[in-house]
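Here is the structure we will look at.
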């Protein structure tokens, strides 16, 4: 292994940062240990064998219907409440423990960056070994520590730690407990690779790795076909995006000769602004991002992904993995800024996704589905941000979203946990995730109730909660770029860029309105109004243990105050735009290209107007929901009528899944089976050419043997034919 | 290590020894078999131990090549040359370069595992079985090290009969059809190559006695006019394309794979298919660079390679039989190798070699796993399984890891090869590469779907529930462990392998570049260390 | 020394092995007729015959190594080619008698004369091997044929045997008519019956376009084609091989064919070499038709003897490739191929003979099902023979190099027979269909319930099997000695006509 | 004279061939073959007028061989007659395929 030549002399080289490779290694170690524990237990069938009574709870679980968490079923049905995994204590220590170590390490590096002068004028690249040297290609296993990756690392390890701790409580009774933490640790490892990798291929490793873990965790309760299907779907849809990522890398290598962030950024600076090459690279990269970050047209996997345990949804499908696409674009800031058309594409797709997903979120009954579509919608926001070249705004929203969406998911996890316990106690088979079965939970779960409202206000964009600042900044950035930026001057599908940007802005507002509506709706149905769980069950509803609510509280605080790190200069004075400033060394170059030399500045009046509009929209949304929706009128899921018309369409998510199934999946399978396999393979090649020629030869042989009649006369005639042929050959040469 | 090996003259005797040892073993096996006739169980035990011992010795012996072979040197390594049939110019000439080295090691290291994979599944005529396996090994190793075209051809054909018998005697239901199809398909290709080899030898002899030495033939072949070498290339290419197998010559493979016993499938996939690609790399392309790189020819090969990639994946998608699915996935994977070879850049060539090796490991492991579950359940139909992860968690873990490697998830060996092939091919064959890259989607689709239906989903079938407590035993874990380690090791740190093959790949690419311009270009020269 | 063949004493010396065999055979016939037939008697005469053959072989070897030659003027050749063919023929005869001694019981043949007939046929073949005069050729063919006509009908209890004999006789005589007419016309055109003189006359008078000569050669080609069972003159062969007692089938398939081909080669290379452009297209087509027809029809055979008969037809096609190639290399390839082919065919028939049940006359391939499980070595030996016939390396031993050599000859031929070589290999793919079919029946199928246990294999048969297998496999790994032997007697040693020497012969396909 | 003799010989030979092709009786077939051989003999004799005695010597050989062949052939025909009670070649087709 070679030591890093690049890093020597870097201000961070002599600090703890040179051990940054430990950050991903801790979770990897955790994965190995937990994995071994899980296998070891599996290998020794005993009283605590995970599959004991496996049958019973399978049946039970299917009874609950839908894609709900079935966690409480596992290991409980046989009545052995103490059926905890034998290694549970050790696992509970290792799983969150390794994460805490990583988080601590990240903080330590952050601290170093703080104390060392000019610590990160240049990114600190830590090369471990040469990974794929072949010909001109040289890909190193190297980590890049810079402001952007530090933000991401902090989010991943910080939120990760919280969610790990939450999981200790949430998953405690699951027979697959060590396996769960093994997967979770592995996920963190890959996520850290993704954000720390110093080149696209290394990022791709993490990219695919998190997809893999997502697959494993979505299908964690694989005994239910729906869960396993959801995992598979997530992986395959993601792979479509990965294809784009791959092609983008091919283009980069073929044209720039390098795949490191630094190298590509440098090469991109020299490329032609708006040239076909950078545009193509960016569009392919964006295809990758749409897969991972669930944007149109590849968003379909994310709602299904809710089949996984709820902490997984919080960690992977809200806070970290799904934001990888945003990170990818922020990482490629220069590249994207050189391709305004690609940027506009990103923004438009983001805006459309934001609105589209929000409409679906309006009519979902499953609490996690609401949050899932909300996530898709918010990711759309982030793409709008990075799409218009406001990379730091995108990253900002990424961060606040990580706070409040993790909180929302964990909160909903708390709720589901409580619902489950209640239904389990009464042996009911009702759906624990259907909001129609909830209602009035604030009495039973006050802590969760309060925290969830904080998150809701945050996501709706009510000041001073974090979501307000980030969302506002994105919308303001869009508005600001409608004039004078490279985007405004570009043409997207023939439409002038400024028109497109206005459209994006309006869509963003629409999405914000709907967000406020569906979030309020969710809160109303869940916590307000009368309880619809059932009389017997209601007695069992209670707040989750502190190991679960503890992390919720932390997230609640973050959701509430997280926005202060990047307040607008308009009113925050010297405390303004700190995140922006922090990220400047990484992102400024890209933003600069979009905005031009001197940048763009909105007048204060305009800014105040924009803020007012945003707040008004959020308030209107909440008001609409609060006044129009009547939780009292709701009936429990089992008594509910089927929806009609547009409501049904929304409930069925605009029938996108069905459309994909009809236009892509079914035809692919059909063509493969009937045309390719049965037709070409067994039909033409095997049947006609291979066996056919064999048959022809055999048939001719059979005919020949029929000529061999056994009669001397025939033989003499054949001989004569030979005689005549030979003689004529000799005579007529 | 290198000094020690030099001290014992390792390079001077290792290659002939590697060839002779299995033959000797086969002889021993036959002798032991003829002495032990009564108890088939006792025969099985003694036969498999003997076979394992011999293969292990072979593997250990071959390991020294890793150190003793100087892969950077332009000379053939471990070179041995002896007279054989002087009147025909046929010689016993063997030697290796970095490419052959890897394939030889793959073979020798995999063979002991195939014995372990056959440990309990082969119960009748065990001595004959292992004797054939041993002879097969000689043939395979011979192909990889032959530097004389006659010797190469003999070794090439030698593999056919043992495999024919292994499929036909110890195979499944349709073994007769499959074995015949396998042998006829292969023969069609190889006999045309025979004509081409003889022709080349005569030409190289320049009117005198024929010359079949690789280097001499190479020199001669590169000076041949395009029209003539077109047919010769065609003859070689068909022989190798059948073996690879390239679309549309692939239909023997699913049948052969499905019907062959586990070890047969493993060897077929892991090693024998590689002879096809090796043949392209060693013979068809460097001998006739002007033809191989002729725009039309190259286009045809690339198109077939890409068709193979996508087509194999799509057909794999709808296979009800897991073994058949893996067989079609081989068609797809080998398409990558062909793409890499005909894209003809150093990166793609090294990627092709990487795919060659990692496909051997992953698909070999897949077949071993299928064999293990087949021994327990006596079915390979995907729909017969479900929820196996609950009753056989270790099996499930292994299957998952191996499948991921086959899908090409980064961090596993599968990714490195495919990535290098694709990124290396893009500059010279961009559109083909993009189409080929779509297979990352299909590969995930067919394998994950199959894996899901096998180890996930509800556990409802009583036969599957009965597997409880019947998870992989220590032998099976032991035989999978090296493969799993290799999967991860090559995925994370493939550099040693890439370094070993780099010089050879680069020489090949430069030689072909020069050859298509009509000059001789760099090539390995005779002379061992 | 060099024999002067015009001197009767020296001529007799040159014919010493032939004379020894004939004389011995006459004595043995008397011995056989002396006492009533019995199995013991048959064995005694058989062993005596083998002894005589071994003696003759010794003489042949001695004459071969002592480097004897003869003047070109003469009716008999004294050269390596003759000795090689003699050795092949004698070995075949020894094997035939060895098989017959043990096999005759199964067919119910007790006549001791059967062995003597083999000796007479062998003497005819030896004459053919050296014949350098069309009269001698005719005599040799007839001595051989008349004996073999009888041998085919040796099993007097079997209607099939009688039918085989009749068909062979009638068609053989019919073909002899063509051969003889051809000889007459060649004689008419050149005024010569001596082979070398014919060649000289053609060169001297430039008869390449002489119609009478051409028709004569055509007719002779027909006669020869019949004897070597080239399609479409092959129709007799399957029936005759099928009906004859198995050792005799082996004798016919292996040695009779070798001898007939030997004289074919000698006439074509020594007399008609300069008529190349006249006969080459016909022989080319004959080779193609023979390869295709033999292979294709063999596929649908259910009887193993018939299958082997078609296989022998196929191999005639391959050998015709060597004739077409018309070069020194081709003649050595021819000799090599004949050796390999004789070993393999003979071995295969030996297995068929040892598989035959008492009184059984119809040897079906299905009888071999699961043979490996009851007679592993017999099955393995059969596999080796079949793979040798298929031309497979190592497992088929020398069969592969035989085919290799033929391809080499075809490709190196002055006329460039690339297409013929390709056809050769493509048709041999078809042959895999039936050769491997037998292998798969033997190895891959279970022994059927109630299938009769094969009779024990006698020690002589075992010896035949062992010798052939060892030779096939041994020569398959190290063929260079045999190559060396064949190269010592390369044709043609006679000058080409100027037209042929200048550039390529005018024959293109 | 030579040309006429050769023509006659060819004619006789053809008659023999046609006989072989059309007749179904083994003995008659054999007779036709004998006719072919004797036609050739005629050629030899005629040609020896040009080329010397070689042809005549050949004729002696042919006659000798034909006699031997006749002896063996008739014996074979008798053998088949014993099995089939017929010498009609249409009936003799046990061996075929």
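Note that the chains are named A, B, C and D in the order they appear, and that numbering of residues resets to 1 at the start of each chain.
Going forward, contacts are C-beta pairs under 8 Å (C-beta built on N, C-alpha and C of every residue); 3 or more make two chains touch, one makes a residue touch a chain.
Everything quoted here is computed from the prediction, not taken from an experiment.
Asks: Whose Cα centre is nearest the centre of all Cα atoms in view?
Replies: Central chain: B.
Asks: If I rank A-D and B-C by number of C-beta contact pairs, which comes first?
Replies: The comparison resolves to B-C.
Asks: From the C-alpha centre of chain B to that of chain D, how far is it in Å?
Replies: For chain B versus chain D, the centre distance works out to 64 Å.
Asks: Quick one: report the Å distance separating chain A from chain D, using the average Cα coordinate of each chain.
Replies: 96
Asks: Can you work out the whole-Å distance between the CA centroids of chain B and chain C?
Replies: 42
Asks: Calculate how many whole Å lie between the centre of chain C and the centre of chain D, each centre taken as the average of the chain's C-alpha atoms.
Replies: That gives a centre separation of 25 Å.
Asks: Would you please write down the residue numbers of chain C that are in contact with two or more other chains?
Replies: As it turns out, chain C has residues touching two or more other chains at 166-167, 170, 174, 238-239, 300-301, 433.
Asks: Indicate the residues of chain A shared as contacts by at least two other chains.
Replies: Residues 694, 705, 708, 710, 712, 716 of chain A touch two or more partner chains.
Asks: Of all the residues in chain D, which ones touch at least 2 other chains?
Replies: 17, 20, 29, 89, 92-97
Asks: Where do chains touch, given as pairs?
Replies: Going through each pair of chains, those in contact are A-B, A-C, A-D, B-C, C-D.
Asks: Quick check on the complex: what are the chain C residues that touch chain B?
Replies: 387, 392-395, 400-401, 404-405, 407-408, 411-412, 418, 421-422, 425-426, 428-429, 432-433, 436-437, 439-440, 443-445, 478-480, 483-484, 487
Asks: Quick check on the complex: what are the chain B residues that touch chain A?
Replies: 181, 184-185, 248, 251, 311, 314-315, 317-319, 345-347, 350-351, 387, 389-391, 393-394, 397, 404, 409-411, 415-416, 419-420, 422-424, 426-427, 430, 433-434, 437-438, 440-441, 444-445, 448-449, 452, 455-459, 465, 468-469, 471, 492-495, 498-499, 502, 505-506
Asks: Can you check the complex and tell me which residues of chain D touch chain C?
Replies: Checking each residue of chain D against chain C gives 6, 9, 13, 16-17, 20, 26, 29-30, 33, 36-37, 39-40, 43-44, 47, 50-52, 54-55, 57-58, 61-62, 65, 68-69, 72-73, 75-77, 79-80, 82-84, 89, 92-97.
Asks: Give every residue of chain A touching chain C within the complex, in rising order.
Replies: 694, 697-698, 700-702, 704-705, 708, 710, 712, 714-716, 718-719, 721-723, 725-727, 729-731, 733
Asks: Along chain A, where are the residues that touch chain D in the complex?
Replies: Within the complex, chain A contacts chain D at residues 705-706, 708-713, 716-717, 720.
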